[in-house]
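Labels A, B, C and D are assigned to the chains in the order they are written; within every chain, residues are numbered from 1.
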């Protein structure tokens, strides 16, 4: 199994970099309009992007999403990401640590993150389906989970909820019954705060409440509209000649709740939210925060940059930060708390969905916060 | 006449396979959004797709629509379909049995279905316009209808309502007055339950109530958005050089009520509904069931597969079933009854139509079933 | 001036036939949905299309719009149209009769209509701007108007309102003040009923009431979405090298109220309405009648057919009638009075406009007439 | 710095003329529908376009927007614009006068405007960010501002609010804190009325109220949908090889409130409004006035015409005026005051935004002013 996982990790990276794995459906960020302030009364240079997440201050609200590990190629990527996270004061995740739990030789491909980023907020990563017994392997024990945390001296643990990916992955883990119970037990026992993290299909209202009841400290709403794990598996299936799996992966490419919608839906749980999925600029970061996110995750853009060089990651970050600051200045928000109080006009499909789901009043309030 | 019908049957198949007979209008399935459940608490392998229809349990809610018969070519197609229906526990229909009633030599092209599928739920097929006297031929007698049922030892009888096709077919039967009365008489006398089946133009609210008052046991809403019988006749007309008929057929290609709308409209009759028309994946099957369908029919995809081989039909079915199960797992529905209780967000043209027709409250309820 | 008008008449025909003069804006007929009736209980052959207009029974509700006259080429076109009108029992108009009033040599190009269609409902045609003094010529006298009526023994007189065309025509009549008063005087004095006829920019609610107060017997709402007189003048201007006029004509190509909207707006005046503008099939004819029209006009399609041959006009009419009858049968309307009682679902831009203008309740009523 | 500004002024013109700097987002003018009046009772030639702005009568409501100055090339452009303004009785602005304040040699490139247009309403131009100390240069003194006014004997002073442009310009002034206070002081002290002028990102409700409280006499809402200063800076950045700046400029190309929306939002301040941004015809001018604008500005079209010749500017003006008059006649408005009372139907994204921001009732009122 070791080699299988290792091989899959490599394929995930190469496929993601070589194929279009974004969903064809519009992410919906274009439906989110910040209202321009002609005289913003804020100096661009003094815009303050510091965020507080789970009690820690971060220099900016961008998270480098969980992406990789478990393969020598991944080590360079993780090193580049971690160096940048350290320099810019970001939070960052590692990819699923199963590979290293199964094969200790792979530990350094994850541990490199802490080596390079001693001060950063680092997030361990374990799959929700692996919290229970699966057909092909038993549930992780608490001690294994603790091992994953220790491996990178993590500040928090992300439990990624990827039922869609497992379902469309040829060798995927198809069981999900009992995960909530296992998660509830885990949050009670584990030493760091737990983040429940979707990987591209979004978290709705009811699931946000369920996750809160399971004791998670934060939710990454991981919505549709960015990298699609289903499209990723479709591309892998095609490269293996598995036509049917490829078609199923393609069909489910559009499945899921777009990130901005998930953000509003999950908001009712009152937990800190990370908005991930299709965020492609500092302007999108600003939109997500104005809709209520505490942090904003980006995956693919960082993967691409880090596969080139550390410098590219820094460039991407600087550009993103500049874009975020411009959005903040022009919206009249000197800091992130103010950004959560600016007027936001939501239109298009995003509005149609939310209105039908009972959020029409909330949308009106969002559009008229300054009145 | 015998040869004319036989020839038409062949043309229908070849034209359908060679030309684009789908309507250009969007079917509207993309307007139907199931709400992703990040922790569905369901194992994919235990998802239960068994359905109950007219008192019979079926292994899955997919029906192979009435397609063909009446020509030697059709025999192979029907054999392939029937073998698969038997194996997977599906219901299946045969094409209009007029050809065999008029020319007994053609009986085997239909009977093959029962030969190959002794256990399956098999549906006989007669046209509604043929229940009354037409210009060129008299109404079928009760005994002829019973003959059609007996020919395949049918479990139910579908009366297909294809006024659009008859109107756009050069040699079509143009009378429809008296059909409701004839149908009422037939449902009272015939030995099996009767399904009123539209063939691509949909069943609205008022017609569903009319059909219920005629004593039918179920309605196949057969909506617009999939194979268009009008486009089929247009293509036939063109191949015969009948320009005017071709243009009329093209014009009416878009006529009719899209399947998802018809499903909601017809729902008020409280009868079991089959959703047919433009269903192209197991995800569409799930959408239809979540909107209230008891079974879901597919025509063209099965015709195409069966014209290739039995194996292709099996592959299509397995893929469809897998897709359906994924949709169910990710929506948090372990069985079809639960699938009818999940949240469904309806947007776009589908919502606009239904809202104006008085279903706005129902759409709100659908979107918030879990609250 | 004689020759100028004669020359313009020829240009209008040739330009219309050679250039695309339809507006780019969607006519909006696709926003009008008749609700399919699966068991319509009507025989196609018994569908009754007879209409009553201003006290006269007509075999079908289609009007051949005012198109031409005033040039030898026009004579053939008018002859072909009139023969078909006589044969099929249609109403038909002639083009503006100014040319013949100014130059009696041209009378036969109009009179041919009555020669060929002794029984048809024939409509004389005079421009509204010519009811008042213009810069380049005085107002028509009552006796001149009577002369126009007598010229073709007209059953009614259409006063075409073409302010848009005059404004965009290089040599156009730019005055409109006093037209309403002149029209009021005319309707009181003239011997036949007067139809106020827009030529492509539509009649709104308030103007319909104004026209009623002027004593007109019927309104042709002549809406946007079909032939654009502005585009026609743009094309003429281009052929004369008048760039600025061409650009202005192009700009105003989209001006005006689309026909379906105008039909609903003008409906409040309670007068018989003719729906003209972008009607391109018998299905559109049915849509217009279901929205409340008494008759439905088509211009360009008849111009094109008649410029080919009498037979083409007959073919066009037969096809249109067949299409209309199919729409009626499938909507469950055995005659035109019933067609005005069927459910009509209005969506898209048409609904958006009408809803904002205060017709939302009317749209709901239209969509639920059968309840 | 002198040369830097001079050089930038040249680049602005050449880049604007050579590259597409319009925003990809639709300006939204197509969402604004004037309601056609079939019998408008107005002679085209008597349509009165005179406007009153800040106590001055102008022959027509079109303003030539602030565009250029500060470079020899600009002198010809300004001369052509001023000659036309004088001839047609328009108001016109000059580009930012900073260049001439810093380098007196450049004064003639602005002063030419007053030389050529002794009677015209001429508007001086200073940037809002330059009212406060910036990193690279101190705030303008009152005396410098008066110098700018005197330079062209200006009738009013526009303070352009271009925070977006400064933020996306490589060498831009990034401070905005204190601008409102400085503006308040300025309006109290300066000898001519002050116009607060956005340059393409629009003025929202709250900002309009802020500007009123600062004592400005009028607001140019300068909305998104026409020339984008951000796209302009992106194009400049590209020509300098500054990739990151280019990408940021591109990203913000779509930022801002579209002009028609800004017009309605800013309307609540009750000040005279100039509508600038994406106005491309006399029809757009009419739409803006019907929505409440006092004057309507056009930038790019005048820049393009003036860079060709004086005659092209005259042609553009005559065409625009003719188009405006046609719109007025056909809407039934003999003068601009009447044009502000005609029915306006607002659809699409413009309506969606305004409705959510609390203007739904106002939109209903606009659509039914004549009732």
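One rule holds in what follows: a residue touches a chain if its C-beta (ideal position, glycine included) is under 8 Å from a C-beta of that chain, and two chains touch if they have at least 3 such contacts.
As the structure is a computational prediction, the values presented were derived from the model and not from experiment.
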| item | value |
| --- | --- |
| Taking each chain's C-alpha mean as its centre, the one farthest from chain B | D |
| Self-contact between copies chain A and chain D, residue sets same or different by half | different |
| Approximate Å spacing (C-alpha centroids) for the pair chain A, chain C | 60 |
| Inter-centroid spacing, chain D versus chain C (mean Cα positions, whole Å) | 43 |
| Numbers and ranges of chain C residues touching at least 2 other chains | none |
| Pairs of chains, among all present, that meet the touch criterion | A-B, A-D, B-C, C-D |
| Chain C residues touching chain B - in the complex, by the definition given at the top | 33, 35-46, 281, 283, 315, 318-319, 322-323, 326, 329-330, 343, 345-348, 351, 363-364, 367-368, 370-371 |
| Chain C-touching residues of chain B, taken from the complex the two chains share | 128, 161, 163-164, 166-168, 174-180, 183, 196, 198, 201-204, 206-207, 210-211, 244, 247-248, 251-252, 255-257, 349, 352-353, 356-358 |
